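Each of the next two complexes has chain A plus one other chain: chain B in the first, chain C in the second.
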Partner chain A sequence: MRSTRFCVLGLMVVFLFGLVAVAEGPVTITFWHAMSSRHQPNLQKLVDDFMAEYPNVTVELSYQGGYGDLQQKINAAVVAGNPPTIAQVYENWVTPIVDILYPVGLHMTEEEKGDIIDGLVRSNTYNGVLTTVPFNKSIMVLYYRKDLVPIPPTDWQEYLDMSKELTVDSDGDGTIDQFGTGFRPAANPELFLNFLEETGGSILSEDWSKVTINNSKGLQAMEYAASLAPYSLITSEYMSNAFQANQVCMFIDTSAGYYYNNQAAEAAGCEMGVARVPMGPVNQKSMIQGTNLAVFDKNQTQAQKDAGVLLARFLLRAENTVYWAEKGGYQPVTKSAYESEEWENWVATHEYQQAMSAQMLDGFSQILHPNYGDMRYVIATAFEEVMLAEATPLEGLASAALEIEDLLE
Partner chain B sequence: MNSGYLTKESLLRQHTYRLILYLLLFAGCAIMLLPFFWMVMTSLKEESEVLRMPPQWIPKNWQWRNYLRAWNVAPFGRYFFNSFVIAITTTIGEVATCILAAYAFAKMRFFGKNVIFAILLGTLMIPGEMLLIPNYVTITRLGWYNRYEALIIPWLASVFGIFLLRQFFRSIPDELQDAARIDGCSRIRFLWQIVAPLSKPAIMTVALLKFLGSWNAFLWVLIMTSSESMRTVPVGLSLFSSEVGTAYEQLMAASVLAIIPVLILFLFTQKQFIEGVARTGIK
Partner chain C sequence: MIKEQILRFGRRLSCPQEWKSRSYWRETGTAYLYILPAFAILSVFVFYPFFSAFRLSTYKWTPLTSTFNGWRNYQYIFQDKYFWRALWRTFYYVGINVPITLFLALLVASLLNKKLRFLAFARTSYFLAYITPVVAVTMVWQWLYNWQYGLLNYFLGWFGVSLTNWLGDKRFALPAVIIMSIWRFVGYEAIILLAGLQGIDKMYYEAARIDGASGLQVWRKVTIPLLTPQIFFVFVISLIGSFKVFTEIFVLFNGSPGPLKSAETLVYYIMRQGFFGTQHLGRAAAASVVLFGIIFVFTLFQLQITQKRVHYQ
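So, the complex of A and B:
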């Protein structure tokens, strides 16, 4: 009990010293991000607000290309020993470099930590410590054409039945002109992972010692995906393209794509609806996507690290995560944000957000295994082969399991 | 019938042949130009028209403001300046070093020449991606990170350029060199006054390929720089795309602006470029 008190006291001292250090002199921090032109003004506004509140801190925003480019750059910078102060990171990027990060959670109040929505606390916790904090988070939801789908499907069976019903060869030339649904298996294997979660399945066992993707739950998920294949447009392009071309009636996609999907629906002259993903055999969970924020310990002064933590905490504030969500199509990441009047008003006036918000609170994140990126690629390949009928669900999962097994070593 | 005159039939045949030839050329030209036409037209469309099916070739309302919006997304003025500085300096530098090295490999005798050349060619087989992290570490330790040195100095030599010019220089008869040496011409003078002018098409090919490569370079610039003041046009173009969608009309507007300098360069050098490609057998 006494040692705990000392620990808490020690942490508070470090925390206060950090704040004092930040408050003392000017400090410049770099923030590496992968936000495209549509999000940059919003991010800049938030950073400007932060700098107005902490005038001694200068934040240099640095765009680092897409997520793949950003990951390469972080890896290179870690090896070279000159990482930025703060950067956007995916969960699995963090696992191999967790030792050179400055755990944000150790410098947050209990209230702040408890405010982060539960599904996101788990995915930002490494070795029992909240190391990173959620930032630009989106959730998989069902988009549908209101004229063709008056009531969206609520469970797997309805989704399958409606997909079948809506798939038509209108000119009778033997080629399907309108698909009930659509998939981008190679680009978006998260759709399979969604199904997998809804069966209660997983890629790996809890302790990462065994591959479980090919067990009965995995097979159930893949068989369900395969049953949708005849009524699905399988493409590698953005689904919004097919939506605009009236080729698909409904599809599951990230909430971050709302802007583009809605534009596509408007261009096609129809109204778009958003619903939760159809309920699976076990639950109605959906995959949370997007990155978190990591503060680097390496090559940073104490003042820089403290400023990085301050920025991360600033971005978690209800008003800021709500602003980020409203402007960018992402979802708030804290409970207080969902309960805020601002967000409630926003949801009340933006019908599509109701499903997104509800889904977000029932979301799951990717696993933290350092080889998740490679596993994702393996799953994407198997998922695509099954959806293109090049492999049976059993074959697809068996080959994926073998390759994932190698990635565990 | 006088063989010096063409009959009506043969004239007609000749005209028909020409007509077919021109039609084929026109069709080929149209196919080649179609992506450019699509790019320009898309740059002037409204967002909702971009992916419309069936495709809408000509915009309803020409959106010239797409260019302004695209230009304002990032400091493109600075990006263009950087692209020019880097493309021009690396092109001049690479051509100079490649000429010297290619001459040595083609016309000089020295110990281990073929082995060194084979090692150089071997480096072409190492994927660039594999070297990215080691190169980043090297650049950082040299203190060149986020500086022009990182974007220029590593690109002042090229094995491909050396190989290309060496092949060309080897086709120049050794007798020319012997005659020049007998007349008291130094190697360097022979290189600049005889070999280089004779190899103009090949040198122009190396220069143009280098300029294009530098102008389009994306990953190296992105990795080796962090501030906007050091970035180039291709990095600016990537801003219009994200994981979930692309602002095509703005991307196309910025792309139109980005290809103008390359287009102008090609218009002025196309004769040498095509000649160089034809004579060196590069495909």
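So, the complex of A and C:
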């Protein structure tokens, strides 16, 4: 009897040691990303640091092209049953494939989860589980020319007044040469969504059962956008082109565009400032954009999944998210990062970061509805029609609401 | 009588004489072996995707599950106002682009067929527009069309035409694409037509001259009829290509279908449904099948009409 017990105990010890050996054995994971050449050395450095800390894990970084290419390749890989271990994903990409993801949150400590900015926890939580974790995040800010806008507008009224004042036909030929502000409504409907949030409005009700975009709050947001239209350059091009050509004085854009907008300002021979988005009737919230990290469950060994989670957790560490933000122009994604001395020093010495950093902690993200891609398109269409005076705010929102209603089915 | 009929029927049923020859089978086998690699490649990259698109058009596709939904994708696109608008714009584009390009190509080919100075340079210049990558060409045109600094508005200004917002005004967006496409394809079509012109036997022209035909009469009664095989070829490929216009629009309007979607053609609609953030591959496939049907019908129609009018020497 005693010998049997020893045998069982012995076997268990061998089994456990075996497991540890598997976990610590060499493991290779693939990381699909869409980070262009400017960001790749920074990402490589972070991954190198990770591999130095976990020498048994090899991370193969694999650039997949732009975000559109990355989405298509992820979908193709999922269909083929061969997704990568870890990949960058937008919120609405995740919704249709959430069942084959390995929820990162289930393998994180409560302390780690609580450290992620609240708004980002919400946008990474599917069916009540923190499934993905935030990675490269940017936020809407107001860019302005310091020579023309000595003090940036702080609220909607000031933004409208200044836009009006700065819109001029300098040569008197009947064509406006300088616009107060500018919009890319078809490409960037997030500007309207930002206004909508600032009125306390939303696309859908909390439980996604009703369309609310056309209620009084939605109308207030769209009417405000329409009031800016006469003083706005409406274009499909990146606003940095117009900025460089001295055609716009200020515009709202993502913080990820800082590098390009600043280059444009320098080329135009002026200094660029960055401020918070102007305060709306209810709040001054700003939209957070950018991707998260997903670990795939399908076609991965347990060791690969564990290594993927380890990498995601590693990238969330304060020092790493701060490094990524400092080098790449993104924003840190954890509370401890914002409290760190390193980040405080960085913000103190980089004026433009103050507005970006200040907005992150109460920023908001896109909704996780599976048809968000279609809804975004519908909103972009209505927003463009209103900004080009093809529809009144009421008409634009009414037609958008009807189309979004169909998407709820 | 009956016996003879049975024998005749039997002879008809029996295999052809050449089938009994070994060399026939050897030659046939060799021929099939030669086409096998091309057939295999075409099967994987053309035939399979082609039939797969038909199948996909009857499915609701998601990365994890694809469910058969019959004609619902077709129902959706036929009820979608953007589909009909895209279809109308495609016909508008084809209807204007194809005949104008062909007419200008004919004129250019006739000019290039004359004994002019710097003829080789002129031919190369016309062809350059076609061989330059479409993205590069389109980006140059983006600057030409710039409403404040573009050359086009600058030249139009000489004639008192006020600034035209080519790429920012819904009225001019599709015409801007058409102008650029005409410029791009005139040279290519002209070179094909030029080859046809140079292949026409001189004796027809001599005979016409002896009969006292004027230059225009020779062009109408001799050149055009004898050039119909090339005109037909150019017409067909130009029509098919025009129905599939996409890249020019995508680049010209920075990844958008122009202001208020005024340049959204059918292929752009397909791309938007399938790939630009919405991933409705079933709907995209259904629209692709419709586009295929349209091109197929037009090509058949052209074959019917033009076969009667194409003259081969």
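Going forward, the second predicted complex is superposed on the first by the 386 of 409 C-alpha atoms of A that agree within 3 Å, B and C clash if a C-alpha of one lies under 4 Å from a C-alpha of the other, contacts with A are read in each partner's own complex, and residues count from 1 in each chain.
Going forward, a residue touches a chain if its C-beta (ideal position, glycine included) is under 8 Å from a C-beta of that chain, and two chains touch if they have at least 3 such contacts.
In this text the structure is predicted, and so the values were computed from the model without any measurement.
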Given the touch rule stated above, what does A:254 touch, chain B (first), chain C (second), both, or neither?
first
Mind working out whether A:32 is in touch with chain B, chain C, both or neither, as first, second, both or neither?
first
So in the superposed three-chain picture, is A:157 touching just chain B, just chain C, both, or none of them (first/second/both/neither)?
neither
Going by the contact rule set out at the top, does A:75 touch chain B (first), chain C (second), both, or neither?
both
Chain touching more of chain A, residue-wise (chain B, chain C):
B
Does the superposition put A:263 against chain B (first), chain C (second), both, or neither?
first
After lining up the shared chain so the two structures overlap, which partner does A:44 touch, if you call chain B first and chain C second: first, second, both or neither?
neither
For A:390 in the superposed arrangement: first (chain B), second (chain C), both or neither?
second
Could you tell me if A:175 is touching chain B, chain C, both of them or neither one (first, second, both, neither)?
second
Which partner does A:97 reach: the first (chain B), the second (chain C), both, or neither?
second
Across the two complexes, what residues of chain A are contacted by chain B and by chain C?
72, 75, 79, 238, 245, 247
For chain C, which residues are in contact with chain A within the complex?
62-64, 148-149, 163, 167-168, 170, 253-256, 258-261, 272, 275-279
Which stretch or stretches of chain A touch chain C in the complex?
68, 71-72, 74-75, 78-79, 92, 96-97, 99-100, 175, 186-187, 234-238, 245, 247, 373-374, 376-377, 381, 384-385, 388, 390
Within their complex, state which residues of chain A touch chain B.
30, 32, 35-40, 60, 62-67, 69, 72-73, 75-77, 79-82, 84, 238, 240-241, 244-247, 253-254, 256-257, 259-260, 263-264, 266-267
Counting only contacts in the complex, chain B reaches chain A at residues 47-49, 51-53, 73-74, 132-133, 136-137, 140-141, 145, 218-219, 222-223, 226-228, 235, 238-247, 250
